[in-house]
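Below is a structure I'd like to ask you about.
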Amino acid sequence: MTSTPSGGRPRRRPVLIPVLVVLAAATVGVSAAAGGLKEAPEKPPEQAGKGAEIDQGRMVTRFDDAVVRLGGKDGIGVSDRRYLQLVLKVTNKSEITLLAQMMDDALVGVRADGKPLDDPASTNVTGGPRVVAVSGGHSYGQMHPGVPATVVLAYELPEGKPPPKSVQIDAGMYAWAESFFYKTHEWRLVTTPVAPTAEDRAHGRQFHYSPIVVAQVTLPVRVEA
Amino acid sequence: MSAAHGLVPEAPAAPLRPLPPRRVPLWRKIVGGVVGIALVSAAVYAQTFVLTADEKSDPLTVSGGMHDELRTSHFSARLERVEFARTVRVKKQYSTDDAKADETFMIVKVGLTAPRRPTQVTSFVLTADGLRFEPTDRVSLSATLGDKWIQPGWWRSGLFFFDVPADKLAGARVVVAEPKTLFGDDYMPETSFDLGFDRPKARQMAGAAKDVYEVSG
Amino acid sequence: MSDQNPEDTGVWSPPAAEPSWFTPSKRLPRPDARVWPPPEREPRGSSTVPIPVIEDGPAPRRPTWPPPVPTPPAPVPQPFTRPPFSGPPVPPSAAAAVPAPPAPPAPAAPPPKRRRAPIPKVAKIGLQIAGAVGLTAAFLAMRGYDALQRYEKDVPPANVQQVSAGQEATLADAKWRLIGVSTMTDPQAAQQPGRTMLRIELQATPLNADGTRFALTPPGLYLADKAGRTWMVEPWKSPEKLTPGVAGRFTLISLVPKEMVDQVELTLWPNPYLGRQQSGDALRFDR
C-alpha cells in the first residue's frame, strides 16, 4: 500500500497531534508555574476578635466575652474559685436539640496566653471546661434548634496565679458527613491530615487527622471584681 | 433396524427442511423494544424505593391527632391536653424549683399504657420544618413522664415540657417514642400526634399562657 | 443395517437445542451436514434424490401420529413425540406401503432422542411465574431464617423452668425459693384505682462467691401472667450481704391490675438485662 489512493487528493496534514502536544506542554508548564501538583497550602484560618460571628456548620457562634470571675454566678462553679469564662452566643443550626457540652468539641483548641487550657494534664480534674447554657441566672444544658443560646465555657483557674491576658480560640468546622462503614450520616468535625506526633510515629503512622480550624478568635480577658 | 428405516428419511427430515427464517414483524420488534425499555425503567425506578442507611434506622410511626389512641406493638399513647405556661413550678418533697421559659413552655399531657411489657418513653416536638425539640431540661425529669414506667393493664398519664418558640408551633407534631438505645434496634415504634395548630392559633394559645404551672415531682 | 443414528450428522448438536420450555434461547441445531471427514458410507437404500412420497402414512416408527395429515407447520422443528405404549402400535394403514416391523415397534438400537412435546403457552407462562414466585419465596425464606438465626444468637429464646410451689431451684450461681406473695396497701391507691400492690418474699442461697453478687445487683424480676404480660418487680429490701450457702431474703414490691392478683407468677432472670430481653434461662415460680 505504498501508492497513494487514486484521485490525487492532497494528504491531510495531521493537525490534531501537534495541537494535543502543545496543549499537554502548556498544561504541564502552567501547573509547574503554579507550584506543581502538590496540594495547595490550606488557607490560614480567619483571624477574628471579640464579637466575631463564625459559622461552624452545625452552629453559628458569636464570641462575646472572656471574663475571669468567681464561681457561683449563673450556677457555674463554686464561689471560692476563679473561673475563666468564655461567653458565646450559639445558634444551633442542626435539626435537633444539642447539648451545650458539645461546644467543647466545636472549639477545637483554646489557649490562654499561648498555653492550652483544655489540657488533660491541667489542674481541672475533668480535663476540660464545664459548658452550660445560661438563662435567667440558671445553667442548663440544651441548645434547641434555631434558638440562640448563651453558652458559657468555664475553666477553673489554678489558685494564686495571675489570670491570663488573652485567650485564643480555634473554631472547628462541622459537616454532615457519611459514615464510611454504615453509610449513615452524622455531623462530624472536618479534619485534615497533619504532620505526625511522636506517638503517631511510634505507631508507625505517617500523619494523623486533626480538625481544621476555620477561625482563630482572640479575646482579651477582662477580670471581674 | 432395517432397510425400512433407511428408506424412511425420518431423521434427515429436520436437517433437510431448513427452518424458515423467522420473520418478526416490525411492529412486534417495536413493541418488544418499548416493553423492554419500560421494564428497565421500572427496575431502575424501583431502586428509588430502596431505603438509605439513614432511613433504615427510622422508626415505624403511627400518626393521629389530639385524643386519638395510637397503638403500637410496644405501647399505646394518647395526647390528652396541651397547655402553655411561662413558668413551671416543680414542688418536690423539700424544695420548689421554678423553671422559666425563654418564651413559653408547652406542656403536653400524654396517657400511656403498654400491651405486654413494662416500658419507658420519651417525647419530642417535631416542627413543620423538621426541627426536633427535646423536652426541656429546665424542668426536672422527675416531674415528667420521662422517668416513669408504663405497664400493662392501666393507663398512666403524665407531662412533658417543651421550650419551643410559639412561631414554630404551626403544623408541629408531638412524637412519643421509646428512647433510643446505644445499639439502636430497628423498626422501633413511635406515635406522632398532630397538634392541629396553625400560626394564629399557636400564637393565641401561647399568648394566653399561664404565669405559673404547678406540678409535683 | 447401519447403526448410525439418522440424526447424527456428525456435527455435535448442543443440548441447548432441546426445544424444551426451559431452554433460555431458541437456538436450534443447524441443519448442516457433515462435510469433512466425508460421511460414512450412506446406508443402502437411502437416497439423495427427492424422497419418494410415501402415500399412506407416516413412518412406521411413529405409528400413532395423528392422522397422516401433513405435519402442522410449527415454527420450531418437529419434535419427536414419545410413542405412547398404548397397545401394539399397529400402523393404521402404512403396512401396505412400507413393510412394518413386527409387533414391538421400532426397537431402534439407539433409541431416537426423545423430545418433549411443546408445552402450551399458557402453561409455560404459568410455570415461569410459578418458578419466579417459588424462587422469590425461597430467597425470602432463606433471608428470614438467617436473620432469625442471628437474632437468636444474640437473644437466645427464653428457656423457663417452672418451679412448683415451695420448691427451690438453681439459676445463675444461686438457689431460689419463693416464700410467699401477699397483697399490700398501696400508699397511692386513691390515685390509681384498679391496681394492687403485691409484696413478694424471695429467698436466695448463693452456691458460690459469684452468687453473692445478687446482694448488690438483684436479678431480673418480673411478674407474668399466662398471656405473657409482665409487670415490674422492684426490690424493696435486699439482703445486706450474701454468703455462699447461707439463705438471704429479698422483699419485692410490684403493682399489678386487681384482677390479675391471683394469677401472676414471679419470673426470675439471671440479670435485669436478660429480664428485659426475656431471653435465656429463667425460673417461674408456681404459687
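Note that the chains take the letters A, B and C in the order they are written out, and that residue 1 is the start of every chain.
Going forward, contacts are C-beta pairs under 8 Å (C-beta built on N, C-alpha and C of every residue); 3 or more make two chains touch, one makes a residue touch a chain.
Just so you know, these numbers come straight off a predicted model, no measurement behind them.
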Handout entry: Pair of chains with maximal C-beta contact number
Key = B-C
Fill in the blank from the handout: Per-chain Cα centroid nearest the overall protein Cα centroid belongs to chain B
Fill in the blank from the handout: Whole-angstrom distance, CA centroid of chain A to CA centroid of chain B, is 35
Exercise for the section: Quick one: report the Å distance separating chain A from chain C, using the average Cα coordinate of each chain. Expected result: 55
Exercise for the section: Could you tell me the distance, in whole angstrom, between the mean C-alpha positions of chain B and chain C? Expected result: 33
Fill in the blank from the handout: chain A residues touching 2+ other chains are none
Problem - Complex interface listing, chain C residues touching chain B - result: 1-3, 5-7, 9, 28-29, 31-33, 43-46, 51, 54, 59-62, 75, 77-78, 98-101, 106-109, 112, 192, 194-195, 222, 228-232, 255-257, 260, 278
Exercise for the section: Using the touch definition up top, name the residues of chain A that touch chain B in the complex. Expected result: 95-97, 135-136, 138, 140-142, 144-147, 179, 182-185
Completion exercise
Given the complex, residues on chain B that touch chain C span 1-20, 22, 115-118, 149, 151-154
Handout entry: chain B to chain A touching residues, read off their complex
Key = 52-54, 57, 100, 102, 124, 130-134, 136-138, 163-165, 168
